[in-house]
Structures are given as C-alpha cells and as structure tokens.
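You will see chain A twice below: alongside chain B first, and alongside chain C after that.
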Partner chain A sequence: MAPLLDVRELAVDFDAPGGAVHAVRGVSFALAPGEILGIVGESGCGKSATARALLRLIDPPGRIVGGSVLFEGRDLLTVPAAELRAVRGGRIAMVFQDPAKSLNPVLTIGRQLAAAMRAHRRCTREQARARACELLADVGIADPQRRVDQYPHELSGGMRQRVMIAMALANEPALILADEPTTALDVTIQAQILDLLRRINQEQGTAIAFISHNLGVIAELCHRVAVLYAGRVVEMGSTEDVFRAPQHPYTRALLGSLPAPGAAARSRLTPVAGAPPVLTGAPRGCAFAPRCPRRIAVCDEQDPQLEPVRPAHLAECWVAQAEAAAPAAGGLAS
Partner chain B sequence: MSVGAGSVAPRGGWRRRRAEALAASGAAVGPGRLALRRMFRNRLSIAAVAVLGAIVLAVVLGPFVWTADPNAQHLNLAVAGPSSAHPLGTDTNGRDMLARVLAGGRVSISISLAAVLIAAGVGALIGLAAGFAGGLLDAVAMRAMDILLAFPSLLLALAVVAAAGAGVVSITLAVAIPNVAFFARIMRSMVISVRERDYVLAARASGVRRSRILLRHVVPNSLSPVIVAMALVFGLTLLDVAALGFLGFGIQPPQSEWGTLLNDAREYLLTSPVALIVPGLAIALTALAGNLVGDALNDAFDTGR
Partner chain C sequence: MSAVAPATEAQPLLELREVHARFPSSAGVVRALDGVSLTVAHGETLGLVGESGCGKSTLGRVALGLTRASAGEVRLDGIELTALRGERLRQLRKRMQMVFQDPVSSLDPRMTVGQTIAEPLGELGVVARAARPARVRELLELVGLPAAFASRYPAQLSGGQAQRVAIARALGVEPELLVADEAVSAVDVSVGAQIVNLLDDLRRELGIAYLFVSHDLAVVEHVSDRLAVMYLGTIVEQGPAEQVFRSPQHPYTVALLSATPAPDPAQARRRERIILRGDVPSPVDPPSGCRFRTRCPIGPLAHPERTVCAERAPALAPTPAGQLAACHFAGELVAPVLGTAALEHG
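After this line comes the complex of A and B, so read on.
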C-alpha cells in the first residue's frame, strides 16, 4: 500500500547564541493508512520538533532546514500557506501533551470545538453545536449537552484530553499526530485515553503517529515503532520485533532500563550510561558511540545509515548491520 | 482572613448555600464571573467599588437633586460660609459651591474616563500589532513608545494644551497621550506571552486563520492586565486633569472642574476653608478609589502570577 505519510530526511535547526542546534538531523519514516506508529525517545531527541515540523509549526528561533513531508501526494514543506491551512486540522490533526494548556480558558468547550470545525467548512452555530455534542459523546464524555457549554477549568484532566481528541476528530482527519497525549495524565486515565485512540483507529481507520517517551504505552498501542536518538531514527520495525529483538544498542539500553515485573523490589534499575550528545556543530560518526557498550572503531569515524538488519526491521548501527550481513561472525561486537 | 469566630458560621452558611445553588443550576461559570466572585470576596474591594460608585452617582445625579445653577453669581453673597441655602458656602463670585463641586466632578471624571478609554484603546492596538507582528514594526512602535515615556506626563500634557488650546477635547487628549505608551507596553508583553501558549499552537495546528487566532485567543487572554491598568490609570489621570486645572491650563472659567475649584479656593483659603477641602477631598478620594479598584481587579484576575 502506498504510504499515507512519507517523511524523508527531515531536518530542523534551532538557532542559538552558540551556533545552530541540530535538533532533527535527517529523520525518515513512513506511515501507512490506518497504521499506528510509535515515535519514542528521551527528552530532547527531537520527537516534538519532528511532529511540529510535519505541519510546519516550527517557530523561530527554530527552522526547518531540509527534507520533505509527502502527504497525499504533496510535500507539506513546500505547499502554499492556504493549502497547508486546509491540511492542518483538516487532513492531519494534532493532540498536544498538556490538555490544561491546550484549551483556551476564556472560551467554552463548544465554542472551541466549533472553531475547529468552522476553520474548514461552513456551518451554522446550531449545526456546530450539535456536531460538538456528537463528538463529545464519541470520545466518551457523559452528558455532552451540559459539558459543551462549560469552560475548560470545569473539566478534569482526562476529560480535557478527550475534548482535545474530539477537536482532532472534528474534521475526520486521515492522520492524528499525538504528541505525548498521555504524559500529563495519571495512569488510569492514561489507559482510558489509549483505549479511546485505539478505538478511533479501529473504527474510523485514522492513522496515528503517537509520540511518547513511555515505552510501555508505545508497546501497548502501536503497530510499528521508530526509536529516535539525537535527532535521528536509530531503529524502526514492528512493535513486536523492536521490543522482542532490539537491534540498536540504544534501544537495548532503553529496554534494559525498565523495571522488570519479576525483579526484586529493591533491585537497582540499569540506567543508560552517559548523556545524549550536544547537537551543535557537525558530529562525526554514530551519535550514540560515546555511550555505546558495543562500539567498534568505525563507529567514531563514519555515520551509520538506517538499513534493514532483519526483514522489515531497520537499525542505524554498524555492529547490528555487520552481524546481519554475517550472522556467523557474531563475535565482532566484543 | 481574620474574622471573629461568631461571624464565620453564618457567612460560611450563605456561601455554601449559594455555591450549592449554583452547582445545582448547572450553569457554566466563565472566567469573568469567577473574577467578579473573587473580587467581591475582599471587603476593601467592595468598599472601593462602593466609594467610586457613590462619587460617580453623586456627580451624575447630583445636579438633578441639587438644582442650584453652578454658574449663577450672587455677588452679595460672595465667600459665604456654609448655610442651609449653600451647604458648602459660596466662592468669590457668590456661586454655590455644592453645585460647582458636583458640576466640576462631572467634568473631571468624564474627561478622565474618556482619556483612559482613548489611551487604553490606542495603546492596546499598538501593543497588539507590535507584539503579534514582531520584527521591524515592533521595534519602530516600541521605540516611539519609549520616546513618549521619556517625557514626564504632566509636562507632555502641558505641551499639548499649550499647542492645542484648553478645550475639553484637547485636555482629554493631553492627559490621554502620555498613557498610550503605558498601555501599549502592557498589551505587547501580554501578547508576546499569550502568542506562545499551547492553545494558540493548538489553534494553528487545527488550521484556524491568523485573524481568528488573534481575535479569539490572543486578545481575550491579554486583556486582563489592561483592564487592571485602566482602573489604576483612571486615578492618575484624574490627578493630571486636576493638576492642569490647578495650574490654569485646564478647564477655563466659568466652567467648573475640581482642579480649577482648588485654584479658585486658594485665594480665600482662610475665610472659607471648606471650598478648598471639599474638591480636594473629592479628587483624593476618587483617585484612591480608582487605585483600590485597580488592585481589586488585579487580585480578581490573578494577574500577578
């Protein structure tokens, strides 16, 4: 199937006094219609910058410096502003991390839902209100007739996020970009929101790009996963492959740092050693090399590229690629 | 709040009852109503609003109740002390002081009010444009405001009156112009902060037009400090109007105005102190009430965050 969204070599810089910070350094991934792709990585790895860049929502001092975002046959990075506006909220909707901050405190829920609709089609006040109630009911808000006239501060955090999702659904988009939509919520509400997203995906066939630093959430929801590190996709594959047989040392370290369900209560967690690199200037070699337990000489010299190491499973790692090419020579790592 | 134990229970009682009634009615509580509710929780705020309301009511309705002509001269009664016919006495021309104070208040307060509205309106528009557009427009507009702020406000007002004459319109503009920069700065800083809020980003991400974002999201969320400043500036403007009047650059005789009254009363200070005290007190009380209302609004809107 032709991909719905095809991102190629996307690059975003943030201008800073000490020189540009390369927050996103050539991210490529594709999303099929109806697919849920998880984008995972630690703080500052370029997750949010990537999501925002897809809709050209990067503000100065940030700027998109390269790549293409092919969506429904057009490159969103070059389409004229009017066309881009039609895509924003129309074909691609976005859900943000903190629903308390993403809703305007001075407008009722209904008016904000109506605004999202009326940005894309003409409809009367009554139609907008009726549709707003419908949407609120769809995302599982009880008593939508009353809620629609309330202000954000009168709703709980979980309800606010449901409202944000209702807003995203207002124009039946083909793709929802969810930027850490459950991070600001407590665990039970988190589970409800994940169920809701899964249901939307199944019932309406909406593709979802789900950004999170929470591996558990990703594992539960996503069909495929892209692991981001220092502004690059370092590993990509089906959720099962990536979690069961991680190929990149960073993914392994991430998974290894999770608390194991069976482990003794007082056992220590294993952190990923070191810290992410500072992304000014042009780094040479693999960005993960300084923290990598499996580093070999070439890692410091040349940039690895994202290449298949197993069927439909890609990794940007010299060692993993070498192992894939010569499975017998597994000793190369040490 | 330090309230006697005895008074707590019944007050808590009606508050709870009202809260329950509100909850039962299921009415949505908007931010405006929340702010009002917060404002009327403070006794000083209630007092300030009451005093300001009473003064405004007095100067608006007063002339209908106290029908003496503020400009009618009774030279045989000049500089008389308080009497039943003239509760505040008369001035050098035998004009009724109570009528003159009431008429003067109308002038002082309406000029101040108009000046505040003009300054806030023009200032907020400049601030909005500068803050939202940024870049060159922002730089040029804000440097212009800096220049405006470099002049002492009364001196600037005097210069405007000197250039344009001492009519009601020119006096209003004279006291309004120095405050434009103040409002522009407040609005600009709010717009710059609101512009970066997540709901603005969310609106952009859902394809809402820039003009709509400006009108629906940026303006309403930037206004509360401007409203607070309007109350504060009202008090200061009243003082400016009175100062112009006192210096003889304000409203010209025979029309009455609080600052002009003060200037007139200076001459017979010893024989009729009440003619000096009453307009002086009116100016001070109105300005003070304006400031207190400003503080109350500030607390109510929670702008000090």
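After this line comes the complex of A and C, so read on.
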C-alpha cells in the first residue's frame, strides 16, 4: 500500500546567536493509511519541530532547511500557500497539548467548530450548528445542544481537548497530527482521550501521528513507533518490537530508566548517562556515541544510517547493524 | 511546652488529624481538604497520589505550615504546628523542607546557585556566615554537582541540575522531612531516574522522611513505603504501597491504576481498561455522601439501588485486605491487569 504520508530527510534549523541549532537533522518516516505512528523522544529531540514542519508551521527563528513531505501525491514543503491552507485543518488536522491555548476564549464552542468547517466547505449556519452538535456527541460530550453554546472556560480541560478533537474531525481528515495531546490532562482523563482516539482510528480509519514523551501512552495507542534522538530517527518498528526487543542503545537506556511496575520497590533505576548533545556545528559520527555503552571506534568517525536490523525493524546504530549482518552464532542460522 | 503531646514509642514524625483547608473563591468556598488524617514515620516515604484538584499539593503545604489548616491538627514530632507563630514556627521549619515541581522557576534567577543554597542557612541561622561557602560545596557534592556550580545562575542549568540545586537548598538545614511536590514530573524520563535515585540515596544516608506528592503512579510505587490516594479533598485509600498496588480496594484506586499507561504493549493489549466517565466535580460543591459516586463504576451509576453512596460519606476503615479504604463496597471492583502484572514480575 502506498504510504499516506512520506517524510524524507526533513531538516529544521533554529537560528541562534551562537550559530544555527540543527533541531531536526534528516528525519524520514512513512505512515500508512489508517495507521497510528508514535513519535517519541525526550525534550529537545526534535519531535515537536518535526510535527510542526510537516505543515510548515515553523516560525522564525526556525526554518525548514531540507527534505520533502509527500502527502497524497504532493510535497507539502513546496505547494503554494493556498493549497497548504486547504490541507491544514482539512485533510490533515492538528491537536496540540494545551487545548486552553488553542481555543479562542471569546467565541462559543459552536462558533469555533463552525469556523473550522466553513474554512473548507460551504454550509449554512444551521447546517454548521447541527454538524457541530453531531461532532461533540461523537467525541463523547454529553448534552451537546447545551455545550455548543458555551465558552471554553465553562469546560473542563478534558472536555476542551475533546472539543479540539471534534474540531480536528470536522472535515473528515485522513491524518490527525497530535502533539502531546494528553500531557496536560489527568491520568483518568488521558485514558478517556486515548480511548477516543483509538475509536476514531478504528471506526473512521483516520491515521494518527502521535507525538509524545510518554512511553506508556505510546505503548498503549500506537501500531508503530519512531524513536527520536538529537534530531534523528534512531529506531523504528512495530510498537511490540521496539518495546520488547529494542535494538538501539538509546531506546534500551530510555526504557531501562523507567520504574518497572511490580518490581521490587527501591530497586536502583538506571538513568541514561550524560546529557544530549548540543546540536550546533556539524557533529561527526553517531550523536549518541558519547553516552553509549556499546560504542565502538566507527561510532565516533561515521554517521550511521537508519537501516533494517530485523524484519520491519530499523535502527541507526553501527553495533546493531553489525550484529544483524553477522552470521548468527548458533542462533537462527539455517 | 503545652503543645507537646505525650511521647509514645511510635510517635510519628508528621501527623495530620482531621485536617480541613478551605479557601474563598469567586465561585464559593473551595474545600481543598475535607477531614484528612495521615501519618509519616521517621525515615519513611509516604506517597500521595491523586489527580488535579484532589488537594494533594494543599496537603503538602499544610504539612509544612505554609498554608494554614482551617480546622484539625498538624503535628511534627508531637508539636502542634497550627498553634505556633513567629520564631517557634521558624525553628520548626528547619526540620521540614519542600521541593517543587518546576525546578527552574522555583529558583531566583538573579541569585547564583551558591547564594540560593546559602540563603536558608542564614535565614534560619544554622550556619555562620564564614562557614557557608564550605557548606555550599558540601551540599553540591551531596546532590552530585561539581563545586564550580556555585557561581552559576539558574538560566545556565538544565532541568535536572536545577532540581538538584533545589534539593541541595532544602537539605542545607538538615531537615527530617522533605515534601517533594511533583519533584520529578517536569523533567525527562532519564533525568527523573537520576533524581529518584538521588532522593533514595539521601533517605539511606541521612534518614530523611518523604511526603512524596505525585500524579505519576509508576514513580510513586517505586519510592513509597506507604501510599495514600486522594480524591476531591479526602483520602480514599491508605496502606502499605505494595499492598495497595497489588490489591487496591477502593474503586477509584482501581480505576487510577487501570488508567496508568504501562510501557509494555503486550500488557496494554491484554488489560481490561476501566474508563471513568466525566470529570472530577468541583471542590466548591462536592457530591453528597461519597464524593466519588458521580464517576464510580460500582456506585449508583451502575447500581441505582445503592442509595447509601449518596446518603452517607464512607469512613476510611480497615478492609479485609489489610489497608484502609473509604468505600461502602470496598474490595468489590478488582483490576484484572494488576494480578497479571504481579505474576509476571513476581
């Protein structure tokens, strides 16, 4: 199946007094129709910049410096602004972390939903209102006829995020870009929102790119996952493979630093040693090498590339790739 | 000395008895804490979990005397805190300190790390001026930072480093109790692990007791000896952490544990999720009887005949499982996934 979204070698710089910071350094991934892809990483790994760059939402001092974003046959990085506007909120919808900041405080929920619809199609005020109520009911808001006339401040945080999702669904998108959509919510409300996204994906076949720092949430929701480190995808595969058999030392370290549920209390946690690199200049070799327990000579010399190390499981690591290429010693060799 | 309670062999370090905290707001009186009782023993870690607005942060502040209780008793080592004023209160404050969620904004941006750490040493008169630089170096070393950091400003620190500085500042007065309010919530996973390890080292080396306030159940499970679960200003379950995690008795605890995402796709697929309906009601106008009844999967929503839930507030009482739970039907709702998880790890 042809991918719905095909991102290749995406690169984003942020201009800073000390020289450009290379926040996204050649990120490539694809998303199939109806798929939920998780994009996970820690602060500064470039996950939000990647998400925003897909729709050219990078504001100065940031700028997109390379790559392509193919979506339904067009490169979103080069299409004219009018065409891009039709895609934003149309075929690709966005849901952000803070619904309070994404909603207009002085307009009713209904007016905002109607505006989202009427930006992309002609409909009467009555039609828009009826559809707004339908959408609110779809996302699990009780009493939509009353809620549609309320203002954002009259709604709880969880309900506001439901409104944002209703707005995202207004034009029946093929893809929802969700950037930390549950991070500001309580855990029982987060469970409701994840359930809603799962249902939308199953019932309407909407693909979702889900950006999060929360490994648990990613494991719960996503079919596939891309792990970002220092502006690169360092590992990508099915959620099952990446969480159960991580191939990149960074993914292993990240999963290892989490407290295991049910494990002996106060067993020692293993933090990832060191700190992420400063992404100015042109780093040589693997960006994780200085913190990596498996580093070999080549890691400091040459950039590894994201390559398959197991079926449908890619890692950008010299060691993992060498192990995959070496004839298995008494293992699966036929 | 009238405020000193008769000492018993097991006098808790911190004791809250029937504490209420009410604040006026434009919408009415917010009942942040409504009859909360708990204890923290010397050297013990009590995990305090709950969602936004449940009162867990207020509880932390009341425990330190930073927010005054409207009613009830707060005792540190038997000394009634609510009755103290001025110098006596200040003296007691040396024995307890707080670390906040956002390390960078909890530090004064115009003060160096050294000044920040030295400030309480002077304020509370514990270290003479001349001895302070040496003590600052000692404290930096204790939290795993190089002595050279004393001359840095908060803006030059990472989140994890800033949290270490905040901890060093809190440790300067050699507290017996540290209230950690979401102390690892704002930092990355890998940094959070460093802070959790540091707090554990300090507990072992210095015998510090923690009131560990957090919404992150995985971290709380990891650090706590005992656990208290809060909902809308009350404690709904309390007991040994392992016991509560393995066999929660209150339906809210069960739902909370069920809603917590595990970084394990196999477990995620297997689990039966309990998804609570609706939102937490306003603490201005909490439901009558049991406060959880408007969302409870085993309350009147599912069983209309259970009128008792609306009529009578359940008391926090011992359950057959061992811990305390405040539910008329404690132990009825079980969490299938927790049994599985315990089997796998145990």
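Everything that follows uses one rule, which is that the second predicted complex is superposed on the first by the 325 of 334 C-alpha atoms of A that agree within 3 Å, B and C clash if a C-alpha of one lies under 4 Å from a C-alpha of the other, contacts with A are read in each partner's own complex, and residues count from 1 in each chain.
We adopt the following convention: a contact is a pair of C-beta atoms (placed from the backbone, for glycine too) under 8 Å apart; a residue touches a chain by one contact, two chains touch by 3 or more.
The structure presented is a predicted model; accordingly, all values stated were derived computationally and were not measured.
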item	value
Combined model on chain A where chain B meets chain C, clash or fit	fit
Which superposed partner A:C123 touches (first chain B, second chain C, both, neither)	neither
Touching partner for A:L70 - first (chain B), second (chain C), both, neither	neither
First (chain B), second (chain C), both or neither touched by A:Q192	second
Per-residue touch tally on chain A - higher for chain B or for chain C	C
Partner chain in contact with A:M167 - chain B first, chain C second, else both or neither	first
Partner chain in contact with A:A322 - chain B first, chain C second, else both or neither	neither
First, second, both or neither for A:S257, with chain B first and chain C second	second
Touched partner set for A:S43, first chain B, second chain C, both or neither	second
Partner chain(s) touched by A:N214 [first = chain B, second = chain C, both, neither]	second
Closest Cα approach, chain C to chain B, once both complexes are overlaid on chain A (Å)	8
Touching both chain B and chain C, residues of chain A	none
Sites on chain B touched by chain A in the complex	26, 28-31, 34, 197-199, 201-209, 212, 216-217, 220-221
Partner chain A, residues of chain C touching it in the complex	51-52, 158-159, 188-194, 196-197, 200, 215, 217-219, 221-225, 241-242, 245-246, 255-256, 258-266, 268, 273, 275-276, 278-280, 341-342, 344-346
Interface residues, chain A side, partner chain B - complex	55, 57, 85-90, 93-94, 96, 98, 101-108, 115-116, 119-120, 146, 149-151, 153-154, 164, 167-168, 170
Touching residues (chain side chain A, partner chain C) in the complex	42-43, 142, 156-159, 186-192, 194-195, 213-220, 239-240, 243-244, 253-255, 257-263, 265-272, 275
